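Following this line, the structures themselves.
Next come two complexes built around chain A: one with chain B, the other with chain C.
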Partner chain A sequence: MRKTITAKQAAFLLPLFLLLAVFALYPIISSAIYSLFDYRTNDQQVAGLYTTGNFNAPLFSEDCGYINWFLEDDITLLSEADQTELRAAMEQVDALAKQYVTIGEVTKISAAEAKQITSQVAEIQATIQSVYERNDGVTFYNGWDKLNTIFREMDSCMINSNFTGLAAYGKLLSDTRFFHSLRSTAIFTVISVTFELIFGMALALIMNKAIKGIGGVRTTALIPWAIPTAVSALMWSYMYDGSSGIIAKIFTDIGLIASPELMLLSAGGAMTAAILADVWKTTPYMALLLLAGLQIIDKVLYESAKIDGAGPAKTFFKITLPLLKPSLLVALLFRTLDAFRVYDLIAVLTGGAQGTETLSIYAYKLMIAQNNYGYGSVVVLTMALCVGVIAFLFVKVLGAEIVKDD
Partner chain B sequence: MKTKRLTKVTSAIIIAAFLAVMVFPFFWILITSFKPSSEIFGKDTAFNIIANNPTLINYKAVLDKGILNSVKNSFIVATVTTIYVVCVATLSAYILARVRFKGKGLVLGLILSVSMFPQMVVVGPIFNMFYKLNMLNSYFVTLAYSSITLPAAVWIMVAHFKRIPLSIEEAASIDGCSQWQTLWKVIFPIALPGVFTSAIMTFIAAWNEYLLTMTLNSDKQFQTVPVAINALRTQFSILWGEITAATVLVVIPTLIIVLLFQKQIVSGMTSGAVKE
Partner chain C sequence: MKKILGISLMLMMVFALLTGCATAPAPAAPAATEAPAATEAPTATEQMPAERTVIKFAAQADSTPATQAVVDAYNASQELYTVEWIDMTNDSGAMREQILTSMQAGSSDYDVLSMDVVWAGEFAAAGYIAPIDQLMQADGLKISQFNAGSMTAGNYSAKQYTLPFFPDLGLLYFRKDIVSTEDAAKLVSGDYTYADLQAMAEKYMGQGGTTDGIVFQAKLYEGLVCNLTEYTAGWTDVEGGLVALKAMVDSPASPVDILNYSEGETHNSFIKGASVFARNWPYQWGMIASDGTISQDVVDVAPLPGGSTVGGWLLGINKNSVNQEGAWDFMKFVATQGQKIMSVQGGYLPGYNEMLTDADVIAANAMLSMPGFQNALASTISRPVSAHYSETSDAIMNAAHAYLSGEMELTAAVDAITAALAN
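== the complex of A and B ==
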């Protein structure tokens, strides 16, 4: 084997790096950056990532113009004294407008300057408001309400920095909904993977012994695995349906649930439904993975165990299980991570209702439905951290070998 | 002898039960697809096995709603993804299997981490990226699929390339083949089964993808099968007849793929998980 990589060989890797950089690394890094900001795309004030304050100077000076324009109409209806007071305010507005009209774009602004402008505007606003309140009886052309709307728009010209640092991660600690979804995810993962392991192991052991008909069983097993999860979840949601679902009816008839509607509309029912659908879809995967592991165990070992008089239980625990361990751990790791990241199944089946909201569902709702990218990223990254911890436990503690580099 | 027979019978019963459980949902969906709505929702008729008045009306309805357009989209998206992912994965897997270099462990670790990362992490930023580049509601979604399909494809191919004896390549090199020629003229043909396996796995993964396409392609015109079927379930009514008919239609391609390529699929599922 060659020890170093030539430029030509490195070029072979380039397309892979490019794709992973754009569609995996860039998004991951972006998420990490989003998580440091109060970033919500449905709120103009925080619809970007602002490390410094920003000032929308063109809009600000335009608004100044509107204020004076409105006042110009209304001022004629006032007493001399009030007119003087308003004139003074208008001059101040004019001065502000002149100061910023030359800046033709949104600019960065220091916190001190932002504060100064805001307080100046607030002062003018208070003066104008008091004049209008004094002349409550007068029917104005424009009136205070209209002016107030413009003042409110002026407030939004000042876009503060929405950099929050790690504060959102702190918020996570007091977010009960997050902990509920973490709990649901853990319950879903542990129970479904356990059942998949038990059923998968039983099937793999049987299929390893049988010679006839194994092909047919394997083909059948592949179909649930191969169809889209979103489609299989929809199939199950039909069978769980309260009025025309066959599974809901069977479960009611044998007394597992009180009435068919409870299958998807009760907390225990919905979680059971999700786990059952998941076990149905992925047990075959587990079985085939374990079967492949069983098939590489040397048959001679079983022969000699038999000669030595070992029973089936002893053979399983002393020979099969230790030799199956590498395949078993990898299969378990893959399935655990998949179950932990579950989205499609739950989204289609319950939408996260009845205590089935997993971390993926919660994160998706935050980001895509509520446009809260900042906090949504905090949740997904925490989820990624959990995934990392799970993988670490499997690899370092249990000794799963996934990277095999010679 | 008696216990042996007993285990045989028990095994047969377990296998039969397993097959029944695996097949039942498909069977139930199939028979429902031929029932008119009145029978699906009727209290006495909902659980009949044979429809009283079998009908093809559900199939007609979903065809009229353009389910075939979604099937077409799925085919385009899955095929394009498969082609570029296989090309990129072949190139990189060849190097990763054959050349030893500093940082290789890091590259392999990176590929593995990407496959393990929750897909949810990339959805938000990719949505923003596609929005800014004006690529929402288009077939560009195939590019985004690389994050979910590429790692597995590379993984499968590295495993296959490693099985090819180095001597073949050395012979080619002595005969004056460049690395590029060696890859495409010598290694690639031998590794074809592995290439094919990763192609099938990529195709299935792209065909089944739901989260990204649902987020990036909200326009009905560009929806793939998993999204389009779920769109049949509206807020106000659940047209089980149409949903089951559509399910039958879209499960057929998967069924064909599984029947034709089950060997490659099993090999693809287990490579990386099982060491020979």
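== the complex of A and C ==
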């Protein structure tokens, strides 16, 4: 069974593997690395992947400048002796600032050096604080509180390792918001794919009939799928609108919802709205995949069935369905994975409100709106894992064949 | 063998699809649903000499001609720089994400930024905007020359990062045809408490065709945080503020569904003459004239007891900008002389105090000469300045709303809010 690879085959395979490495493996590996760090770009202490001690030199020298700047005003209100003491402290601050002002970025720092800087700063801080405490009665321009705030910020210039290992995955287990979004993603996926399968099958059976004008029917049926999702979602959001939407009005009139604005503003209404729009949009896609499957079924089989006296129902269940199974499973697999990753439709319709927040939306909010790349990557990887499990179930348990051997 | 290869290929593609679009922090491709990318709108009105440096100013679209007029005035006022206004999306959440994405890549796409007051803390903490204390001192500008609440909103870790672009503030609107002259004088002076206001609302409710005494914003959203900032006098008395707000919510003078009121419900009620008192932003004054069934003649404004929450927008300099000097020069212009143009041509409140007494500015804004408004402007307070404002605000509004609707005990709500403020 073992096959040898010829040099010619290798010449084709090598670029293939390179492409795979760049486009498939690299994103996963970098996500996996991010997920091991507490990596948030909107907090200077964790705005990078730090495994060793680092030093925020630019912020440090800026803070040094501020200390002297604040002191310059306040010092004029003090006695000669206190002034001398503060001047000495200011010189020390200046010396520190000069030492690091040339480093324009966050740099690695040894533990010894970090300790030295910290103790130097602490010493200066103690000196300055004692002068301020001695002059409790003076109304300063800036005062100790402001200086202390700057000193606190200086502490944050010492950056420790933000490697957290698998801690973020542990956090995921107690993250109720994650499980809520997992649940709404699952609900959305199961219900919408079920309806798409039923309607898609019906549509495919109709389109498979050799009647006059079927070409026009097939083309027309594809229109919903051809419209970009963001555009069709906007269109649906107008129809669902509480004050002027036609669907919201019809649903209210037939008693499905109590008042039109509940269509998008209640939990059940918003999920129904999203599923309805998704079913409308992707039924033609499902129908197209199934139609391809229907067309390869040998017509002779139907003729024999007819001769044997089988009715339409029996023909469908005994011939069409079994022979359609490979195409059916592939179509279902594609649609399930697609629906599981839904983002654009829901982002436009509700933005994730009213319990319609899916995993993609949650991951987007974590990464883009909150700049939390570490935890966001955990969610994304977990989602990838779910997708992998779904694909595995379809392929191994149900036997979907994506690639035909020989 | 081939089958396994096929399956693994398929799995890889699935993973790649999934993670490819979310691996950050490479400039994330905006999702298809995002508002259309900002289009550059070069605003040069004349042929500039080539040596002029281009300063890029990121600000939201302006429905008035004011922003454009300020940019044009600046370009005409000096020889060194040409300012280009980069028109950002009008969805402020999307604008924040767009700016953050650009900033975290360390880009110099924008030199001067316009920011919602609540973003300044986050941008400052992340090191995206530059402190301006020394620049202000060098040019002889003092913090006290600008709107107090706006300046506090842009002060993080004892450093000043921003100047006001245009401030906005909470006001108490009242019907002077219903409220007695005595009470009106008391309100305008600002010398009253929320208990006094509640008593008045209960007393005057139903008179002059009104159905409600007072309307304000208590829905579960940012507006509730603004209202609570006022009730707690700038977060100095969280417990007292919560109790006073709860009393107002439970009072028969406020509508039964007050916990669902945002600005829209508030102005609808007030401009249709259905309520005696309303807490809202300055825009409601214009709405009374354009859409109201009552006239501006029967309405007056007053400061709020604990101070007026500041909203509006601020200006800051991108720390990575290669044109720091030009950015500061333009920002300084907009925040000082430019405020007159903003006010006269756009009807915005001036954030530069000197402009409050400018004859042209007063002539263009009837509100500015009202004593109640001036008192409100003198007592502005700001929402918490935090590096994680959205989380802080989220925690505050959830605890407050739960307490107001009776689902949470007072002590638990106070604890939750205090913890959020300490964040």
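Following the convention adopted for this analysis, the second predicted complex is superposed on the first by the 292 of 406 C-alpha atoms of A that agree within 3 Å, B and C clash if a C-alpha of one lies under 4 Å from a C-alpha of the other, contacts with A are read in each partner's own complex, and residues count from 1 in each chain.
We take it that a residue touches a chain if its C-beta (ideal position, glycine included) is under 8 Å from a C-beta of that chain, and two chains touch if they have at least 3 such contacts.
Model, not experiment: these values are computed from the prediction.
J.: If we overlay the two complexes on their shared chain A, which of chain B and chain C does A:S244 touch? Say first, second, both or neither.
T.: first
J.: Which of the two partners, first being chain B and second being chain C, lies in contact with A:P284: first, second, both, or neither?
T.: first
J.: Should A:T149 be classified as contacting the first partner (chain B), the second (chain C), both, or neither?
T.: second
J.: By the touch definition at the top of the document, which applies to A:A230: first (chain B), second (chain C), both, or neither?
T.: both
J.: Which partner does A:I307 reach: the first (chain B), the second (chain C), both, or neither?
T.: It touches nothing on chain B or chain C.
J.: Just checking: does A:V397 make contact with chain B only, chain C only, both, or neither of them? Give me first, second, both or neither.
T.: neither
J.: Look at A:A7 in the shared chain and tell me whether it touches chain B only, chain C only, both, or neither; answer first, second, both or neither.
T.: After superposing on A, A:A7 lies clear of both chain B and chain C.
J.: Between chain B (first) and chain C (second), which, if any, makes contact with A:S30: first, second, both or neither?
T.: In the superposition, A:S30 touches chain B and chain C alike.
J.: Looking at the overlay, does A:M383 come into contact with chain B only (first), chain C only (second), both, or neither?
T.: Both: A:M383 reaches chain B and chain C.
J.: Which partner, chain B or chain C, is in contact with more residues of chain A?
T.: On the superposition, B touches more of the residues of chain A.
J.: Quick check on the output: what are the common chain A residues between the chain B footprint and the chain C footprint?
T.: The overlap between the chain B and chain C interfaces on chain A comprises residues 1, 3, 20, 23-24, 27-28, 30-31, 34, 228-230, 337, 341, 343-344, 348, 360, 363-364, 367-368, 373, 376-377, 380-381, 383-384, 387, 391, 402-403, 405.
J.: Under the stated contact criterion, what part of chain A meets chain B in this complex?
T.: 1-5, 8-10, 12-13, 15-16, 19-20, 22-24, 26-28, 30-31, 34, 199, 202-203, 206-207, 209-210, 213, 217-232, 234-236, 238-239, 241, 243-244, 246, 249, 280, 284-285, 288-289, 292-293, 296, 326-327, 330-331, 334, 337, 340-341, 343-344, 348, 359-360, 363-364, 367-368, 373, 376-377, 380-381, 383-384, 387, 391, 401-405
J.: Per the contact definition, I'd like the list of chain C residues that touch chain A in the complex.
T.: Going by the criterion above, the answer is residues 1-3, 5-7, 9-20, 22-25, 28, 31-33, 93, 96-97, 100-101, 104, 122, 125-127, 131, 133-134, 157-159, 387, 390.
J.: So in the complex, the part of chain A that touches chain C is made up of which residues?
T.: Those in contact with chain C are residues 1, 3, 20, 23-25, 27-28, 30-31, 34, 41-44, 47, 59, 62, 65-66, 69-70, 145-147, 149-150, 152-153, 228-230, 233, 337, 341, 343-344, 347-348, 360, 363-364, 367-371, 373, 376-377, 380-381, 383-384, 387-388, 391-392, 395, 402-403, 405-406.
J.: What residues on chain B touch chain A, complex-wise?
T.: Those in contact with chain A are residues 11, 14-15, 18-19, 21-23, 25-26, 28-29, 32, 40-41, 43, 46-47, 87-89, 91-92, 94-96, 98-102, 104-105, 107-112, 114, 116-129, 143-144, 146-147, 150, 154, 166, 179, 183, 204, 207-211, 215, 225-227, 229-230, 233, 238, 240, 243-244, 247, 250-251, 254-255, 257-259, 262, 265-266, 269-270, 272-276.
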